[in-house]
Amino acid sequence: MTTYYKGFPQSTREEKLHMVNLDELEHEAKYVMPEAAYYYVASGAENEWTWRNNTQAFNHFQIVPRALTGMQNPELNTEFLGMKLKTPVMICPIACHGIANAEAEIDTAKGAKAAGALFAMSTYANKSVQEVQSAVGDSPRFMQLYLSKNWDFNKMVIEESVKAGFTGFFLTVDALVSGYREANLRTNFTYPVPLAFFNEWNGGKGEGQSVAQMYASSAQNIGPDDIRKIKEIADVPVIVKGVECAEDAMLAIGTGADGIVVSNHGGREVDGAPATIDVLPEIAKAVRSCDHRVPIILDGGVRRGSHVFKALALGADLVGIGRPFLYGLALGGAQGVQSVIEQLNKELLIDMQLTGCKTIEDIKHAKIDHINYSADW
Amino acid sequence: MTTYYKGFPQSTREEKLHMVNLDELEHEAKYVMPEAAYYYVASGAENEWTWRNNTQAFNHFQIVPRALTGMQNPELNTEFLGMKLKTPVMICPIACHGIANAEAEIDTAKGAKAAGALFAMSTYANKSVQEVQSAVGDSPRFMQLYLSKNWDFNKMVIEESVKAGFTGFFLTVDALVSGYREANLRTNFTYPVPLAFFNEWNGGKGEGQSVAQMYASSAQNIGPDDIRKIKEIADVPVIVKGVECAEDAMLAIGTGADGIVVSNHGGREVDGAPATIDVLPEIAKAVRSCDHRVPIILDGGVRRGSHVFKALALGADLVGIGRPFLYGLALGGAQGVQSVIEQLNKELLIDMQLTGCKTIEDIKHAKIDHINYSADW
Amino acid sequence: MTTYYKGFPQSTREEKLHMVNLDELEHEAKYVMPEAAYYYVASGAENEWTWRNNTQAFNHFQIVPRALTGMQNPELNTEFLGMKLKTPVMICPIACHGIANAEAEIDTAKGAKAAGALFAMSTYANKSVQEVQSAVGDSPRFMQLYLSKNWDFNKMVIEESVKAGFTGFFLTVDALVSGYREANLRTNFTYPVPLAFFNEWNGGKGEGQSVAQMYASSAQNIGPDDIRKIKEIADVPVIVKGVECAEDAMLAIGTGADGIVVSNHGGREVDGAPATIDVLPEIAKAVRSCDHRVPIILDGGVRRGSHVFKALALGADLVGIGRPFLYGLALGGAQGVQSVIEQLNKELLIDMQLTGCKTIEDIKHAKIDHINYSADW
Amino acid sequence: MTTYYKGFPQSTREEKLHMVNLDELEHEAKYVMPEAAYYYVASGAENEWTWRNNTQAFNHFQIVPRALTGMQNPELNTEFLGMKLKTPVMICPIACHGIANAEAEIDTAKGAKAAGALFAMSTYANKSVQEVQSAVGDSPRFMQLYLSKNWDFNKMVIEESVKAGFTGFFLTVDALVSGYREANLRTNFTYPVPLAFFNEWNGGKGEGQSVAQMYASSAQNIGPDDIRKIKEIADVPVIVKGVECAEDAMLAIGTGADGIVVSNHGGREVDGAPATIDVLPEIAKAVRSCDHRVPIILDGGVRRGSHVFKALALGADLVGIGRPFLYGLALGGAQGVQSVIEQLNKELLIDMQLTGCKTIEDIKHAKIDHINYSADW
């Protein structure tokens, strides 16, 4: 069940997970992942307030069950920028899946495909875009971009990705430097497995680098022009990832963004940033009031079908998960990733039936109460 | 004190309970009920937020004691749809009382009768409507309906119930599928004792079935027409159970409902649904502003006389209990059920005296403060 | 240090207390008082929410320190209905001080006198009004009234009290029956020492009676006429104790009350009643808008100089303490009671200096912030 | 690593600190400082609500990350009353640094200078103003004033300070008497090391005195005239320290104050005083609406770069720290003090990059959300 890359142990598990809920996976992954790798995932910036609050803040919103709707057999199918998806749950980018499983992004892509979910792969992936293409063909997938200071590198990433069937980009704008992540300092975390784009390009860069070192080569001053530059290189959708206010959503749309991800990078950057679910309503309102309506993705703290429901009801079109799928990857490979998505699907379908929502579109009109006390047991 | 049905141990206790409060019963019931049966009752959906919040949210409302009222000897008598009741506390439907006591619904009905309380029996009862009728004659009682996909079955349930002295129906509309109840998954719960209606009709169905299997045969697409269909079969009051917003209360009234139960199924269906006491005021306001005023029942988290008081003061006409009476049934049979109701009566009478409320009607005009902080120690 | 009344151990301690704060006394009193007596004091009704919230709710209000006031040497002297007092802290009525100390109300009266504080003695006192008079002469003191159903008894209490130098009454209107106090049920508490008025009148009644039995002989239907009746018997001030809303404050004033006590009986009656500090502002506003302005006393949860300050700033003229002085009585007799009051004085004087309040009157204009979150660590 | 002053152990550590965060220092300082000295620092008044709430209340405000700002290389340089500083973090006055390190204020001044931070030294310093001047030349530094009842003493302190290169004063107005600090009572704390100004002037006063004794000789009735008197003695800036409302900020400005410190003396005076971050916005609004705009400093509970950011964004020009630098002094002398400031700088720079704030001035226009729930895990 384990292989080794230069001494670093990697899970080789491939199995369906029989979980009761996603929170269990965080506990179980501790027994599979090395400590530094585990805490690279299971941690946030500074006091980890934002990390934890992302999940807790879902309690501020209540799903109102509906009566006498005469509805049955709700359906999860949805469309996103022309892609047909089987679930509104998507796989958000995380660097270096090889810390969880030897098959790394190949298995993640397979799991997402099996579940019919959109997969966004990180620039810091261990597997190359060609390897992923060989494994999953034309599955729905996007590439995430950490822009480098070096535009030759950026051009290479963009062009190779498009050639390898990644049909759009997530441009990360909320992680221009590394957040102050104490867990990484305590464990002296460095990326233990080569990052495909970097090794090809720079002969080994990536492997053995700390998070701070990786960020040192990335661009800090990302602005509207960068979106235009990306589009000049490849005429595909560019989604701006890491927006937490209406102003920035509109700025992104103005620059030509084809969508936005309401995200605080999983509480890994600014500690004290608002929970994404708390800012989603205001952002969704602004985006919808705009002629050039673009889709919205929310990520941050999603662990339950009811979280997915609340995010959709408050304005999201897709709902991203991060840490949980990586635990699934560690515990079950491609099937583990699929199991994680299907667990959320299962819980979500129950809430859809009980609120009379036949389709994902219907959820966007569901009734949500807002009682602003915490009740955070 | 114990008998066995095909190896499943059933309490045969019959005694008055000398409890200090209802919370004690949850702890004591653990020693009487088998684990899977106990957790079938003592659990909620997903994270159990709604289950726990149902009780905690009563703290959001404060009872204002009143001075110089010149009142004494408050009275609990009340009327509900023409029935004379000795208490505003009622027994809400729970499936399969045989998990708590060998006498099952017969004892529950006896206990309710002794206390002068309305009893609503589940479609999933272990005892037949005829057995209950033999035991309690013309006690005030309603039948709960889980509509089946099969209307021949529904017709049979409705007609037999009416024939056996059940003078109205609670139509459950908030549990069209099973909520995601982790406790049942962990214990592999199946109904251990035959469910009377199902065994008569289908030769053994019910017994040994999981909750999910039972729901599979029930109707998911319940709508306004179903209320009309029920009324065509039997011209008796139909109360819609499982309403958490004013819109649905009005829809139910529009379809001809004779009352509504503000309920989230005890936090067993949508986790993240609002506490019933939090939504009651808005529902009561809507219902009262309507010509066709119907009575309102609230259930969810009621454990104290002060909870009953708050629910009545905020718009309920009756206040239902669920889990506590089942613990009473396990610990003391019919007398246990009676003890549970009388404990709430005792606590309620003190609050009535101290707020100057002579009658249940007076409580509906009591002064309630609302300080929206949790203070949930 | 201990004597026995028919086997019931009574403290005979007489000493100054070297406490750091009042909360310490609750812990120490456990070693001095028998269990049932201790929990008779250290408990509240039902879930004890109101008991605990009385203290916690002081956190909802913040004292704003003031700069450049040019003030020094603040003073605690105050007047109340013509009485000159050395502190705004007063001793509120509690039954049966003999559970804390063999000298019972005699020592309480002595301690209050030494501190220059108003003492209100309970109808259920162990010591007679004559014994108290012999001990403390013309100290400032009032008698509390639990009205009996028997007006001959009430007349006797009123007339003997006035004759013995009690210059006014606290008419208790918030405890017409006993609250649901679980601690008393668990310990089978009965009054272990004779209650002076009852023994004189009824030959032993009081001693050995439960709280519920005592209340059984008291009047439940107290109304406006009772205030008038008391005034006909003795033309002295009558203060209505147990008001938690503006409506009742005005009703009491209308009936001729000479003052009101904002109180919920220390959380011992209606559990779920608002914290007294939460309702004080609205009551004070109503009372002050009225021509016939009467003084206001607040009790409930006062444990700190900052609590006294907040109560005065939000509208109280005096601030009563209950449980803490009884612990002081158990641990140090008359000097213990005095120590408790002086501890609050010491803390209060610091807050007065730091807010520029020279006098108790100045506190009534102090600036208070209100941030409605709990922060109840 | 330890020397002794008349038996009192003093750290002589001089080293850079390799901390992960400032909270760690509080735990580590326990092993270096004697118990009474440690708790003199690590404690607050009464229930310590204000002490703890100063830090917790930062959670009420959220930093909104910004996207597409096109910014890089943020800078910490700032100006304050004409002084060039390398950081907006400053060292707020604490008495008797000799409890932390034998080099006392000399090391603090060196550490502050190395970090380019403003240092405000206490009247109760162990080292003389001349000793500090010898050590750090013309570093940016102010003297704090506890006004004595004796103006000859005050004149001496002011004149000697100015002569020794202290270019302005912090006039403390929020600590006219000692707050009720239980920790000091429990440990019988007295100042263990001579206080320079007091020993020179009074032959040994200071050393061996309790906090209460020290305050006994200080002026309680500080008012507007005192600011004018100080300015007559020395024509340098006077900053009023200890303001928690807009009214007092304006009063201070009216008297000629050149700045204000929003402070509650670290929760050591009025317990129940508001958190400084909670009152800052209203004070900043008032001060900015005034022609005679003066700078604002905030202290109280600052432990994180994100706290510094929030304070600047809500209206502060500088942000003071107290306890943390003293722990740094105990653990690492001058380098320890420098390390503490640089840790905050490091965290702050990350938040500046992620919010697009190039300069300290930019932070003052940053977007802050306010969700008024506690979420205080």
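Each chain gets a letter, A, B, C and D, in the order it is written, and its residues are counted from 1.
Note that a residue touches a chain if its C-beta (ideal position, glycine included) is under 8 Å from a C-beta of that chain, and two chains touch if they have at least 3 such contacts.
Since this is a predicted model, take the numbers as computed values, not measurements.
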item	value
Proportion of interface numbers common to chain C and chain D (over half same, under half different)	different
Intercentroid distance (Cα basis), chain C paired with chain A, Å	60
Intercentroid distance (Cα basis), chain B paired with chain A, Å	42
Chain C, residues touching no fewer than two other chains	372-374
Category of the chain touch graph - line, ring, star, complete, other	ring
Contact pairs between chains, per stated definition	A-B, A-D, B-C, C-D
Parts of chain D lying in touch with chain A, wherever the complex brings them together	20-21, 58-59, 61-73, 304-306, 309-310, 346-347, 350-351, 353-355, 367, 369, 371-375, 377
Residue ranges of chain C in contact with chain B within the complex	46-47, 49, 52-53, 56-57, 60, 173-180, 182, 185-186, 219-227, 240, 242-245, 247-248, 251-252, 255, 264, 269-274, 278-279, 372-374, 376
